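Each of the next two complexes has subunit A plus one other chain: subunit B in the first, subunit C in the second.
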Partner chain A sequence: MLLAAPRFALPETPEEALAALAERPGAVVVAGGTEMMPDLLWGTRSADAFVSLRRVAALRGVTVDDDDLVMGAGTPVSGLTTAPDAGLAAAATSLGTPLVRTEATIGGNVVSALPYRNLLPTLLAGGARLELTSATGVRTVPFDGFITAPGRTRLAEDELLTAVRLPRHGGFADYVKVGRRNAQFVATVSAAVVSRDGGVRLAFGNAGPTPLRSDDVDAVATALLDGRATPEDLRAAVAVAVDPPEDPVASADYRRHALGVLAVRLVTRARTDGGPGA
Partner chain B sequence: MTGGVGTSVRRPDGPAKVRGEFSYAGDLAAEGMLVGSTVRSPHPHARITGIDTAAARAISGVHAVLTSADVPGDLYFGLTLRDEPALADGVVRYAGEPVAVVAAVDAATARRAARAVAVEYEPLPPLTDPQQSLTAPPLHPDGNVYRHVSYSCGDPDARGVVTVENTYRIGMQDPAFLAPEAGLAWPTPDGGVALDVATQWLHSDQTQIGWATGLPPEKVHLRLAGVGGAFGGREDVTLQTHACLLALATGRPVKFEYTREESFLAHRQRHPGTIWLRHSADADGRIVCVEGRVLLDGGAYASTSPVVITNTVTLLQGPYRVDNGRFEGWSVRTNNPSCGAMRGFGVPQAAFAHEAQLDALAGALGMDPLEIRLRNALQRGDVATFGQRFDAPTPVREVIEGLRAIPLPAGPARRAPGGVGRAAEPGSVRRGIGYAVTIKNLAFSEGHVDESTAEVSLCDGHATVHTACAEVGQGFVTVAEQVARTVLGATTVEVTQPDTLIASAGSTSASRQTMASGTAVHRACAAVRVRLLAQVARRHGLDAAGLTVVDGTVCAAGRPVTPVAAAAPGQTLRATEHFQHPATYPLGSAEGGMYVAFSFSAQRAVVDVDVELGLVSVVQVASCQDVGTVINPTQLLGQIEGGIVQGMGLALMEEVVVADGLITNPDFQDYLIPTIVDAPEVVSTYVTDPEPGMPHGWKGAGEPPLCTAVPAVAAAVRDATGLPLPAVPIKPEHVALGLGAAPTVTWTTPRPAAPSRAVNIVVDEEARDAPGTMAEEGAPGGR
Partner chain C sequence: MSVDPLVADEFVTFPLTVDGVPREVTARWSESLLTVLRDRLGVLGPKTGCGHGRCGACAVRVGVGPDEPHVLCACLVPAATAVGATVETIASLGGPDGELSDVQEAFLAEGAVQCGICTAGFVTAATELLERHECPSRTEIEEALYGNLCRCTGYGRIVAAVESAARTRRERKDPVPLTTRKLTASLRTGPEAAE
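Showing the complex of A and B:
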């Protein structure tokens, strides 16, 4: 381990990281720090010690196996902008600024667990799974259900998120995000789609306290793809499924409306660009 | 001449700023320096029932903790009314009001000490509705109304065939300069105090520091530190007094540097307001009568609220001839953040409203938006609603014609609405085109003395220019340099760091510094030139009256005599000159006009709107502005582009959201300003009709582009959507959900103005006494 100060550890392997975490009560994991540092500066979070993942090379990089795109949790967002998944790539490209994308990691985005974070709807729509590693081994859990409340996850205290697995598919995927300017904005709302084998899966950001999807919405979306439902049907289904916040940025009414618009547009894109089952 | 007036001289601080090497006020440091921190009220309105500083003082490394009881001089300060305590005086009136300040060995200790100051509050109900403020019990011994303005002209009951009326709302814009407030103060051997600070007006700070410290002005020494943007937000005192009080109390240098959040809490914002306007016009679109009522929320303390309201109310007429009208307005006290100067100073509010009205009139009459503006354009010789004659060039028609000559952008936008979010679909985007024309007063007004002083010295062709004019990015440094080259033939020019060793230059605001300090520099250069030419005449046995300076060379009858650099070897020629604009007078005065000068600006905005989602991308803004003369094409374009982007920010996204007196978005994640990806293409042309009485015919140029961009962008979004959009910033939901009331259009029986009624100005309320520094330096009133 490079640095083993009581309050700060700079481990080089996942095992060292887990050990460093175990040795330091009240320690937090820092990856890119683009979430953590502002929180510390604003005093919305404090920590007794830090375990940095910066040197843990094993957590960086994207590989492809038979079924999945496997992304190390420490992979910077800039490394995902050309990912072979159009939805993920779009979500990565529209995250923050070039500077932020260089530092920010996919692991940090997932564990931040905020409903408006970019990558989350794509992971939800794509049926991603997470590899959580502790001293006792690795468990793989679905991303759906991992986030339990804003900022809260099912990650245990002695666990690290080590990889994100996104199933590969030959279908159509996309991600869109709404905000008040052309770049560098928090999503007022966002949406992602994966359309494959004639079925559509939609997921929404900032549509409720956690990233959100619904079987009912997907059923109507699939019907719209087949021409069995109208855009109005889908908008109505979305309006029922979502529970968006009301805040100074936007009213809940606007968010509900915009989520419906995004859903229809994504399904329309899937139909024209992806083709059913493409 | 190379580097003279009319050329794009580069900023001397440009390379350092681009490389990140420029020293901003936040970079200040001194040996043995302490760091200051401010205890701020978390409540928008509360009585302070106790302050216990013992725990804070007991922390090791803490050198001083000051409350209002420790202010040796006069506790109260302010730019106009002196109603604000340097540290809270028993009551806090806005969230963020300074209650105590501490100085400690480092920032962490200072912050810890600030948290350890125990303040007991008895919260009081906050008054956050400016309408209620008019009738509510006073929040302050000075009352709730900063100023009430009311006047009429001609026959306000005159009517044409059509009347349009609506109520418009403007949100609170933050100056959002990038370098937060910072300064470093230290005690001086003369028993006084020195302060290096990022400010807009050194002498106003000096006066106000003098009040609190009890020091005479000659013992308060200010020097400008590197300023990272200002836009009006550094015109009021924030940390200046606190830093000096702590330096005097501790005998050590004390530095303050605000966090972003503190910056939002501490400085003044643009006044949010409500404006009701009723325009009546005849069938040709000629304006018959305008009636307007304005309510500006001034927040907790006066700042420049008594002055801003007059700008808004008097310029409701826009750049149009209005013979009949009735105008009234109030700026009032609430427990919201204090509002004050911001680029445009009350005019963007008026411009947004009057331009929406002109479009509504054009719509009702089926007229072209530019045609109705041309038909009503002010001309030289016309008399304003507030009684002043436009006796300088008034090129309203010319800026409109100039704008019309700029071709529309061809092809699609660089960015679809929503930008990197990629939500827009080609079929969902509609293009809109909007026009706006505005009038902006230049320089201080209503009797406030507008003056500056410059000292220029010349030695072997090297000129040194010294003024107290704060360079805040606007480019005075290049103006001064260019003047010294053109007038004096200097080979090299140094513009020294502004300080209080020379007389006041007034504030860097009101688009005034080229006109005031630039003219003082011009005069001082001319005076040095006289001395130089006298020497050359003597030396060469020539008649000084026949000598000129051309391109750095002294010439006699067009033939070179000697280079300026060699004209008086080793000698330093020096002159100090003062400039003051002709006097102005309060609204309603029979003695003369309120304003020094005006500038006119026309813009056309082209926007793409994703109507379903309410997302807007500004494709292009074309501008034609009345600038007198082009001194530095690049700097001028910088002012135009910056003003347009800041104006589109107000039109589309920038708003300090205040809920129950608390700012909900004091950071750049939630307070959005346009990024470079949002900035439109800007096409800028000029009308150059020289301003009489000004050297080189120059006039101010910094504020008009912002004033015009707000209504132009709003008009373009209206054009794209067909929605009335009576409020800025336009939120996506206003468009997507169609929120906002349309103007009421009424067809009326024409009623010509009663001929007997001439210009008749009634001012209901005079400015108060207890004046602050603006008045201290001149007559009461404003600018």
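Showing the complex of A and C:
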């Protein structure tokens, strides 16, 4: 432990982090701090204590095994901009700024659980799984369903998200988002695609209270890839499947429309740029 | 600094090395590195712009643990997580006695400074870029400076200054430009020799 105080802990190993969390019930687990610090500044959130994961070296870095890209939860987003998954790389590259990406982490993006977070549609489209570690061991759960409401997840109080596993594939992957301006913007809506072995899997951000995908949408998207459906068909399927929020940034109608446009754009890219793997 | 025992659990004490000087900091555990630098240590190079990671006015170069030192927004980092870190502000970039760095000289020569609040952050980010890329394209410069905002909107001169600093560095390192050498070689022995 690099620093321990009644309301602050700076552990160096996952075990120390779990122990520090157990000793400080209600502590906020902070990774890069890029979300927490503005929240504290604006008073939109308070914290009784911090357990920081910034110095837990074992949580930082990307490895590849036979099936998955394995990203430590503390891996900074800057470490994902050249990831061997074009969708993940695109989502990472369009997150914040270079000065934010060195500190913002994939784990923070997932656990903050807001529907507009950049990396989430990519993880959903790619069928990611999460490793959740507690004192009693590690459980692996699908990312699909992990987020239950904006800001809420199935992570138990005595657990830490320690790794994100994204299945490797030889297909086509991409991510797009639209916002209110072209620089440093939070996604008004976003979408990700993985197209492999003739099947398309789409996922959407800010299309509902949690990251969202739909078998019906994917069936029409796959048909569009094969030329058996039209862009209008896919836009209609997306419009039925999504339940976007209405807020000062955009109306639900605008979001529904834009999500259809993004879906068609991604399938078109998969068809034209995807190559034989898609 | 003395701490009221009633709020003692809000404070932590830890070491930081700022611009080469070892410092002992006592601060609230939730305080940002920017607040610690400016308000507790009186280090005023990093500026408070937006306070939430958009503008880059507080950009400093930090070496934490085993990581390569890199430029980040001091406003986004809880200072206590940087225990033992080395922090280099704009004051670390120039020479002793206020001598300016080549990037700072280029900013002056190209008129890349207006109100000045963004300048330390821009110079810090640009200096990191030039350490990584000897010959950045305009697009690479714009990407590297994407996290720095100039509220006077003087981006044209800022990009020109970074290009100028890069050019000056290359010329100092190698007084004969690469294109001239290629041309000379091709005149002498034919185009194949230039590759």
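Operating definition for what follows: the second predicted complex is superposed on the first by the 274 of 278 C-alpha atoms of A that agree within 3 Å, B and C clash if a C-alpha of one lies under 4 Å from a C-alpha of the other, contacts with A are read in each partner's own complex, and residues count from 1 in each chain.
Simple rule for what comes next: contacts are C-beta pairs under 8 Å (C-beta built on N, C-alpha and C of every residue); 3 or more make two chains touch, one makes a residue touch a chain.
Bear in mind that the values here come from a model prediction, so they are computed numbers and not experimental data.
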| item | value |
| --- | --- |
| Touching partner for A:V30 - first (subunit B), second (subunit C), both, neither | second |
| Touched partner set for A:S134, first subunit B, second subunit C, both or neither | neither |
| Partner chain(s) touched by A:L99 [first = subunit B, second = subunit C, both, neither] | second |
| Partner chain in contact with A:T81 - subunit B first, subunit C second, else both or neither | neither |
| Contacts of A:T268 with subunit B and subunit C, given as first, second, both or neither | first |
| Subunit B versus subunit C as contact partner of A:Q184, first or second or both or neither | both |
| Footprint overlap on subunit A, where subunit B in one structure and subunit C in the other make contact | 42, 183-184 |
| Contact footprint of subunit A on subunit C as seen in their complex | 9-12, 14, 29-30, 32, 51-54, 56, 59, 64-66, 70-73, 75-78, 80-84, 125, 143-144, 146-148 |
| Residues of subunit A defined as touching subunit B within the complex | 42, 90, 93-94, 174-188, 190, 248-251, 253-254, 257-258, 261-262, 265, 268-269 |
| Residues of subunit A defined as touching subunit C within the complex | 2-3, 5-8, 10, 30, 32-34, 36-38, 40-42, 47, 49-50, 52, 54-55, 57, 96-100, 102-103, 183-184 |
| Parts of subunit B lying in touch with subunit A, wherever the complex brings them together | 261, 415, 418-423, 425, 428, 612-615, 617, 652-653, 657, 659, 664-665, 667, 669-670, 672, 674-675, 677-678, 731-733, 736-737 |
